[in-house]
Each structure stands twice: as structure tokens, then as C-alpha cells.
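Chain nomenclature is as follows: A, B, C and D, assigned in order of appearance, with residue numbering initiated at 1 for each chain independently.
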Amino acid sequence: MFVVMQAGAGEAEVNGVKGLILSEGLTPFENAGTDRTVIAVVGEIGKRREALRSRLEATAGVASVTAISKPYKLVSREFHPEDTVIKVLDSVVGDGSLAVMAGPCSVESRDQLFETVDFVSTHGATIIRGGAFKPRTSPYSFQGLGVEGLRYLAEARQRTGLPVITEVMEPSQVDIVAEYSDILQIGTRNMQNFSLLLACGRSHRPVMLKRGFGNTIEEWLMAAEYIASAGNSQIILCERGIRTFDTSTRNTLDVTAVPLMHHLTHLPVVVDPSHATGKRWLVKPLAIAGVAVGADGVMVEVHPRPDEALSDAEQQLDFPMFDSMMLALTAVHGNVKDLHGDLARSAANRTAGGRA
Amino acid sequence: MFVVMQAGAGEAEVNGVKGLILSEGLTPFENAGTDRTVIAVVGEIGKRREALRSRLEATAGVASVTAISKPYKLVSREFHPEDTVIKVLDSVVGDGSLAVMAGPCSVESRDQLFETVDFVSTHGATIIRGGAFKPRTSPYSFQGLGVEGLRYLAEARQRTGLPVITEVMEPSQVDIVAEYSDILQIGTRNMQNFSLLLACGRSHRPVMLKRGFGNTIEEWLMAAEYIASAGNSQIILCERGIRTFDTSTRNTLDVTAVPLMHHLTHLPVVVDPSHATGKRWLVKPLAIAGVAVGADGVMVEVHPRPDEALSDAEQQLDFPMFDSMMLALTAVHGNVKDLHGDLARSAANRTAGGRA
Amino acid sequence: MFVVMQAGAGEAEVNGVKGLILSEGLTPFENAGTDRTVIAVVGEIGKRREALRSRLEATAGVASVTAISKPYKLVSREFHPEDTVIKVLDSVVGDGSLAVMAGPCSVESRDQLFETVDFVSTHGATIIRGGAFKPRTSPYSFQGLGVEGLRYLAEARQRTGLPVITEVMEPSQVDIVAEYSDILQIGTRNMQNFSLLLACGRSHRPVMLKRGFGNTIEEWLMAAEYIASAGNSQIILCERGIRTFDTSTRNTLDVTAVPLMHHLTHLPVVVDPSHATGKRWLVKPLAIAGVAVGADGVMVEVHPRPDEALSDAEQQLDFPMFDSMMLALTAVHGNVKDLHGDLARSAANRTAGGRA
Amino acid sequence: MFVVMQAGAGEAEVNGVKGLILSEGLTPFENAGTDRTVIAVVGEIGKRREALRSRLEATAGVASVTAISKPYKLVSREFHPEDTVIKVLDSVVGDGSLAVMAGPCSVESRDQLFETVDFVSTHGATIIRGGAFKPRTSPYSFQGLGVEGLRYLAEARQRTGLPVITEVMEPSQVDIVAEYSDILQIGTRNMQNFSLLLACGRSHRPVMLKRGFGNTIEEWLMAAEYIASAGNSQIILCERGIRTFDTSTRNTLDVTAVPLMHHLTHLPVVVDPSHATGKRWLVKPLAIAGVAVGADGVMVEVHPRPDEALSDAEQQLDFPMFDSMMLALTAVHGNVKDLHGDLARSAANRTAGGRA
């Protein structure tokens, strides 16, 4: 249920509505939009629906009360028509600029990390990536440097001035990962690890939620809703390829998800062509496709000497390839930026705007 | 690397081999088979391979040293040709008998649970199932009774004398779930939650590992290998349907996985037709298919009044349907039992046996 | 639109209804059931619906006129509640007996075919299969013996007294294949070759329609509807595995399709474990699963010396394997037959019966 | 087997090699590249391989004889390193320009077709599309105007000066479709209709081969190989979306297929965002993605009044949407054109070039 406040409603009216919702054992979530404030009523409403609606409609400052048509609420465009913009240090995701998350698949050593970030930070990257806790298919593969890796990442942030993103694999790691890094990453295999989603939702750090390779668009939105429902609406979505019958590439990058998500949700969307394709030479064309279709950024793996990498050797870019990709992305981004005006996102905005 | 001991090798020789492996910083896993003992060498061997092989071959009591052809080792038939049989209280999984895990999707109340277990325990169930911690797609759906539900399950065990299986959703829950129940269940969305796999691997309780609905046969085996590598080889595999393009049922039950798994691994395999089909009336025929193809058991959801269920209402059996299914399964199981002699499992045994 | 006739309605009333339908440029299809006759109205009704319904309801002998809820009409249980039983020579498909279609993937020579059919016909096969026109992924692979192969098949029919099934690949082949064989097979890649479906629909031979490996249940029924709409309702459905992300077997046999189809349609359903698995040793367990879940029969590939086969060498059974499978299938079929009473099929009958 | 001729080899030497191949009952296919001529040896070589190779190597003018690593030969980059460029009337596909195939899903009437082509031909379309024979899932849906539709298409060509592409559904239609149109289209459901592939391969018209929605990259190439092996190498590939578990759009446009195909084959590749998404508002962003990733063109459905369309109403663009899309595509194409220099295609060229 959404409560749309009148245009002139003030804090007192908003608090009155929130108090009524809380007194019913439900949770109010407020979106103070430019035009009007909307309050989402979250929780198990059940048979109280009609009575509650009547009481809310009769409350001071309320313009209207509407039903929510989707199972996701806080992350929907209906609730929050404006794009969510995420600012971390001096980097921004979702404001129309191009976010570029780059760095090695795994932090392997201080030297390897520094060599990489020195290059990418001076060639267009806006956020540093690097794995400290690594989810690996085999228990016998390199599992990452753990906390030692986190420390190197924090040093890399100092060194470059760029924010750092790294993966968190279980609820008990959230605090320490949040201590050393700026953005928490939830990996594809954990997209429906609901305990982890809630733990990240209780963190004050932005969260990047990768799409599960076997998960639908709606499940992805519901996973984001878990995070938002726990209090954290600073969420970046990352399309990284889905599993299909075709195995000529590791996975199939679903670029359609970008405009579709921009239509359904206010959250920014980036694409990860490295994991999607699993092949180095396909990273650049797929990054271009992602940016062209309107993604807010890309995440790519870069390694000084990819063939020596301890993980994902096949798909990490070397420095010249990163450089070449950045030149192309910058050109394409500048070019498609003006095309977004009548793309899915603004169409969604118009639709959503029509609601208020 | 597998070290096959000589037929007459004793404890001293085995310990000699293990000591050598440990001294290299690697881990020995022993399978004392009826004919011979096999010791798997687990860890990152790298370039030491040839030197280590030579030293092992020269060690007292060693018959031969062979390479392992698969990425999974401890769960492979190659390492452990005999079927793993899991005994919990008086119930057994994997010995040729039919294990029947039955109970409600969610424990909703003491009364609902007891009413259900009283029926299923007197109509063929050998293990009680019931969800206390429930992984739900929506954060706004019923999330289970939690520890209260675990307590009711422990009471149900007392009441029926049957062991209890219930899901564990995160590493920090393993201890309490292990305290109240007999078998830990890892759900389909957590199949590659590696932290949870390792935590369950350190438990002394048997673990039932559901196949991820988007995961391959090999990924499933690697997930089991995670559990085994942490020290727990009491693992039951559960095929519960995979996600395909066809949405006329919730998922597609992959019955081929049963003989395939019996061929590749020594672990028992059960099927879950409730979650696979999502439709009550399809549970019985699919359970029959699973048993006919050689599954070691089935897991089904049963509710006194399915239409009132707080979760998975569409797929839970009522009591007469459970009774009808059990009559059919008992007949089919008795009938196909003798056919297993030349089915995949024994074929695998022969192949594996040929190795020693 | 279905027109249900009154219980006592005779030929005159039926013809009256048909005449009215024809006068509207639509086509009547009659199902003279044991209780009542139902006439389906097929064609583009459009805006005439209400007027036509009124006129039909007012016609002599009409009990009621009902809407059709599914896009497939003639093949639906709603139109035709009784199971369709197909008789070819002395063999029957769909009457509760077990149809066994066996023979080589390709007819390679008269000797190879005769050696095979001599064995399978004396060990339980009820229908002879063999490919004369072979759809091959590569233009450079053996494409079958063509008409020469058809002639050998006709000789094999003479020799064994069993009917013959073989594939037809294009509309212009229908006549000659129908001349030499008893059942026309439409292959998985041609399931939506609508020209071929219509051509087979105009033939007087029964048609076996394999499910497309990338096609849904509903598309499969619509393909059958194409055949039926052209006048041929003697259709056997064959589940042969669908394409999924898992490539450990060639395809994934969707055994759920068997009870689902028995619920939705009156047509018999057989399973093909040879093409589904692509592995010889998996054919027997999957054939058992298919029979156990209620299939009306199985289709398997058998070759005197599979390793020398010109096509599908990996999946053809040798003679001892066929013999062993038949012993198992006979036992399982005898055993599950009585279980079908409350399985999907009769549930469908009850539902459908409730309609009349 | 590929026979690479010496740089200076003339017609006599080439004919000598061809004659030797023909005398073995095999077929020579010649690619007279800018540097050297390559002759592919196609057919069942079997055990003659080594002897044949020796004889060819000893033939006048032969530089070397190499094995072919892929199952597809004539369509591979290995055989034909240069891009295939297809010219029809004044339109070109594959030369680096942007081909735009536009028109209604179905030709519904002369007026509807002319209204559409008048618009698209003056707003950037380079090829007219329109369905005369329509493959429809239901036998009761509009099946197209047939030959009448073909005649209107031929008139549209006269009217606009643009070439026409339309679908052919069965071998017996190839002649008449080739008579009235300029490019033969093979639909997604017929991608492995081998009889149709061969019939189109014997035509003198270029063929556009849509990818089967359930088919792999390799199967797609093998289907193209069928056409080429029958003598027609004027083939355009069209990626139109594959079937995945996600049903939020009709299919999933696999843009990765574009650079992958440019790497593996010399044939041009276009994308069809209309059928891939099934949603009008997603056509433009996906068309942009396709062009950005390097596609040689796009195919889109346009209708004067999409909501009144007799087929695919949901996905046809209206005129303003087509105009808006064309403005965006023109801008993006101009921008990405220069990026292709180090994209997959030229990488492939370098690799392939390295072979000679």
C-alpha cells in the first residue's frame, strides 16, 4: 500500500501517517520526492486492508492511498520515480555518468594490486574492484587472501583516492568488509542467500547485488527488496550473464535487463562482461553493448599479467586492452547519453510520474 | 592423487603414508574399503606432483599411486566404490531400502506439526521434515517460526521416534539446528553458499544437499566436495527440479540425475517431487518415477489442510494423497529393487571395482 | 466453441448443427463420445461469437454451447475426454498396453535391418523403427538410404508382421513414406515445421510427433492441433528430452510431460530415452522411469554392433541390453498399470467427465 | 581439408587440383582470396585422408594442405578470411554500412504495405521486409496472404527501389518466393529444417538464416553450412533471441553472438530486436545494443497502426518510433564504426590471416 501525501503536507502530517502505520505493527518507508512524499506500508496487512485504507485516507495531509501492483515495493519505480544516485567518496553511480569498476579478479599480493590500480585509476576507472574472499566452485582452488586482501584494498583506496568494492560471502563478514571497503558486493551465487541480503541491508555501506545466473528479473528485484526492507536503499544492480543452453561463452549477457530494470526500478544498473563471457577478447564489445543500451557503468577484471592470474585467467584484461576498452566506452557513452532521453528509463519516469 | 595401499597393508603403513602427506602441507583422506585402503591426497599439489608421486610409490605398503580424473575427489566413486549408507536413529538412507521424508513445508504450530507427523509416521514415513527457518523469495512472506519451530520438531521426534530433517540457512545457525534436529538440509538457493557448506561440513550431523535449480551435475558434486573436504562425508543428495524454459510446472524434475549420480558418486540420492512440480496432483506420479529410476528415497510435503498452508499451498499433499502415494511407492520400490542389479549404480561399482 | 449435443441426439440433429457451422464458413469437428456427442467449431469466429452461440443453442438436439479455455481444441481433453487408442496392424498404442518401438537409428543395409528386427521382434518389440531419411546436424554426415531404406523397412514389416515407423522430413516425402510405412514420424527439429504438420495431417497414416527440444508443452499441443485440424487425429506424442543448461547428458528427459500430457490431451504419449540421454547405459533406467510415470510406450534405438553404427553410435543398445531392458519394462509395466487408476490420466478423465 | 594454392598459382593449377578432388567423388569449393586461393575438399573422406593429402601436396601449384578444425568448413573464417559482402539491387549487407530491414510483420493488404514502405523507405530503411507465408503457432491464426502478399511485395520493390526480403516455409515455395522477392528468409523454427536449407542453397537468391531460438552457435553455423554446401554462399545470419528461463521478455537477445560470429565466420550478422523482446518499447534500446556490438544491420517490424495488426501487435513499431530509432542508430553506427578496427571481427581476420 502506498500513501501519497498532499503537495503541501509537512513533517507533522507525515509523522502522523507513520505513527498510524507503526501502531498497526507495520513499517512505513518514506520517499520524499520533489513533488510529493510517498509512504510505503510494508508488512503483513492481510484482512485489515480496507479498514486501514479508510483510516489512512481520513488522516490529515493524505492525498490518496493506492495499492501496489508488484511484489517488490521499495525498489519499484512506482514508489520512487526518481533515479537513485549513489555517491561514494568522489565517485557516483546512477547520475548519467559512466561508472567504471576495475581491478583484479583476486587480490593476489600488495604488488599485484598496486600495479593494477595505479594503471586503471589513471586510465578511467572510477571505482577499484578486487576479491579478498573468493567464492570458488572447488574447495581446492585459491580462496583469496581474506582480511589481508581487505587491508591491501584499503591501502589502494588511500593510494588512488578511489572507493573500493569487494565481495562479502556471509553475514558474519559484513562488518569487517564494511570496515575496509566502500561498497559491499553480493555475488551471483548468493543472490538468494537471504541471511546475507538482510545483513547487508543493515549495513550503512552501498551494496552491489549481482544477478544470480539462474535467476529471473523478478527474483532479482525481490532480492534487492530484501536489502531495502532491512533499511538500506543504496543498491546497485549488476547484470553478469545468465545460464542458458548455449555454452560457447561462459554465460549469456542479458543486455535487455538494463532497459527493463530501468523501467521497473529506480536503482542503477551496471554490466559485468568479464564474468558473462569468460573470454578476454569479448569483454570490450560486450562492455560497449552494455553502455550503449544505457547501463550506468561496467565492472571489468584487469590484471597486469592475466595468464599468471590465480583465478579467472581467461577473462581478465591486460593493461592495453583496458585502455583500448576505455577509449571506446568513453566515446560510446558520450554518444548514447543523449539517446537516453526517450529510452526506457525516461519512459518509466513518465509512466511513474503520471502516477503522482 | 589417490594412494592405493597393498592388500595386506596395516595401520603402520597407512600412518606412514598419511605422515608423508601431512609433512607436505597436504591433507590425507582415508577410505578403508573391503579389499584395500585408498588415501586421497587433497590440497594444492602444483609442481611437486611427480616428485611426490615417486616418494609415495617408494613408501612402505603402497601398491600404486594414481591421478584423479575428476575435480571432485572425496565424493567420487573412484575414491570410494562402495555406496555410502547413512543411519540416523533407526532410519537408513542408501542401503537399498526406501527412505521417505515427509512433513509440512513450514512448521506453523505445534498442533499442525503433530497432526501431520502422527499421520505420516504411521503411514510409511521414515524421516520427519518441516521448515523452521524458511528461505522465501519475498521479505514480506512468512519466514518460519525459527527456534520455536525447531523445538516443536524435537518434540515430534520424541513423539514418533523418527529422525528430523530441517533447513539451515546460514553458518551461525548450524549449531542450533544441529542441536534440535538429526539431519541438516541445505536448500536449493544455498547450494553454492560456500560458507554454509563448510560450516555444515564441520558439523557431526548428516547433511542433505539439495541441487541448485540453476546448477549442473558437476557443480552439485563440487558443492558436496566442499562438505566432505571439511570432514563430513555423511551427505545425501536431493534432486528437486531444475529451471528450464518450460514453465508449465514450477521446475523440471531431472530424474536422469539419479542414475547419473549413482554412477559418479557413492552418495545416496533422493528426489523431491513437491518442489519440482509445484502441483499436488503431480507429486505421486513423479515420486513413482523417482523411485523407479533408482532413487534412495523421496521427500514430500504433507499438510493436514493444504489450502490453509502458510507456504507452498499448491504443492502439499493432504493425508489421503500421502497414503495413496505410499501404497504406490511401496509396490514400485519392491518391484524395481531387483532391477537395480544391472542398473547404473552397480555398473558404476563394477567400473570402480575394476580400479582396485 | 464446443457444442454438446443432448444425450439422445441422432444423426439428423448432429448434421443440423454441422450444417449451421459450415454455413458460417467455419469447420465442425465431431467427437461421438460414449455418453454424448461434442462438436468443436473451428475457425476465426471473431465478433460473431454471441450471435452464433445463440443460434446454436436454439438448434435442435443441442444441450449446451461452451467456450474453449485453451488455444488447442481438437487435441484437448475438454473436447475428447476418452483416451485416443491407435491401432496399426496388430499393434496398439494408448490402450494401457506397453508399446515398444525398436530398431536401428538408421537403416544402413538390408542385413543390418533384418538382423536387428529379427531380434527385437522376438524379444518384445511391438513396432519396428528405422531411419531412411535422416536429419543430420552436418551436411557431410550420412543422410540415410532414402527410398532404398523405405523398401527394406517394408520388407521388415513383411518379415516380422509388425508395423513400421519412420521419419518424414518434408511435405513432398509424405506420400512415399506413407506408402512404405505404417506410422509417420515427425522429428524434434520439425515440430514447428507447419507445412510438414499440415501435410501429415492430410495423410491417412497415424503420426508420431516428437517434442521439439526447445519447445514448451503448449507449443507441442499446438503442433498436434495443426495435424488434427487438417483431419488426422491419429497422433502419438513422443517426449525425447529438452535442452537445458546441463550438458552432462545430451538432453534432459522431461518425464513430468507424461502425466501432464495425459491430463491435458487424449493423445497417447511415449518416451524416447535414447535421444534424451545420448548414452547407452542410461537408456534402461530412463525407459523404466518413463513407463513408471505412465507412458504408453517407449522408443529405443537398437543395433547389432552399436560401435559400428553410422549414426548415434553412443546411444544405441546392443541385443543383450535390449533384452535386459525389456525384462525390466515388462515387470514395471505390469506393476504400475494398476496405479494409473488414480494417476493424472484418470484425474483428467474425471475432470473432463465432469464437464459433460 | 583445405588446399592452399601457391601465391602465383593460375587457373590451370587450380583446375588440376579440382579435377583430382572430383575424381575422388569429393567436391571442391574455391575461395579466390586477395592473397591466395584456397580450395576446400568437402565430402566423406574417411580412410583416404593421408593418401589424398600426399597426392594433393604433390600437385602442381599447391602450397600446403591443412586439416579443418571445425565441423563447419565453407562458412568458417579459416576457409574464407575476408568478410562476405552481399549486394542486392543498390543495398549492401556486410560492407561496414548499416543495413536496415523494415516493414510489417505480415503483409495484410496492399494499402497497409504501401503506407508502411513509403514511410520506412524515406526514413532510412535499406531493405523492405514483410511476411506473405506466416509460420504461426496456432493453425487458427492468420496465416498470411500467400502469393497475393508476394505480389504486393514485388510492387513495393518497384515503388521504393529497395530490395525485398520475405520468408519461405517449405522447399516447394522456394521458386515462387525467389521469383517475387530478393532475399529468402528462413525462420527461427525452420533453422534445422534441412530440406528447406538445401532447397534455399540451390537458389540464386541470398538467404537470411534466423537463429533457432533453441539452437546453439555451432548448430547455427552448421545450418549455414547446409546452405553453402548446396552452392549458395550468399548468407546473412540473423540473431533474433534465444529461449531462456527468463520470460519477462519473449526471448533473450544474445548480442554476444554478434562478435562471436564475426570471429568464427565470414558471413554478415544482423539482429532482430522485435522478435527477441516482443515489446515495442524495448526495440530501440536493443537495436542500439546490436549496432553498438558490431552488427551489420537490424531487422524491425513497423506497422502504420500496430494495435490493429493481424500478428505480433505488441512488438511492431509505429512510424514515429521507427523514425526515433533510426536517428539513434545512425548516430551510434557512425560512432562505433571506428571502434570495430580492433573488435572481434578484425581480430578474427588477423588470426585467419595468420594462417595463410
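The rule we apply is simple: a residue touches a chain if its C-beta (ideal position, glycine included) is under 8 Å from a C-beta of that chain, and two chains touch if they have at least 3 such contacts.
Quick caveat: nothing in here was measured; it's all calculated off a predicted structure.
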Contacts common to subunit C and subunit D (chain labels): A, B
Interface residue overlap between copies subunit A and subunit B, same or different (over half shared): same
Relative to subunit A, chain with the most remote C-alpha centre: C
Approximate Å spacing (C-alpha centroids) for the pair subunit A, subunit B: 35
Whole-Å separation of chain centres (CA-atom averages), subunit B against subunit D: 49
Junction residues of subunit D - those touching two or more other chains: 214, 243-245, 247
Subunit A-facing residues of subunit B, complex: 42-44, 71, 135-140, 142, 169-172, 189-190, 192-196, 198, 212-215, 219, 222, 225-226, 229-230, 243
Complex interface listing, subunit C residues touching subunit B: 214, 216-218, 242, 244-249, 252-256, 258-260, 263, 276-277, 281-282, 284-286, 288-294, 324, 328, 331-332, 335-336, 339, 342-344, 347
In the complex with subunit D, residue positions of subunit B that touch it: 214, 243-245, 247
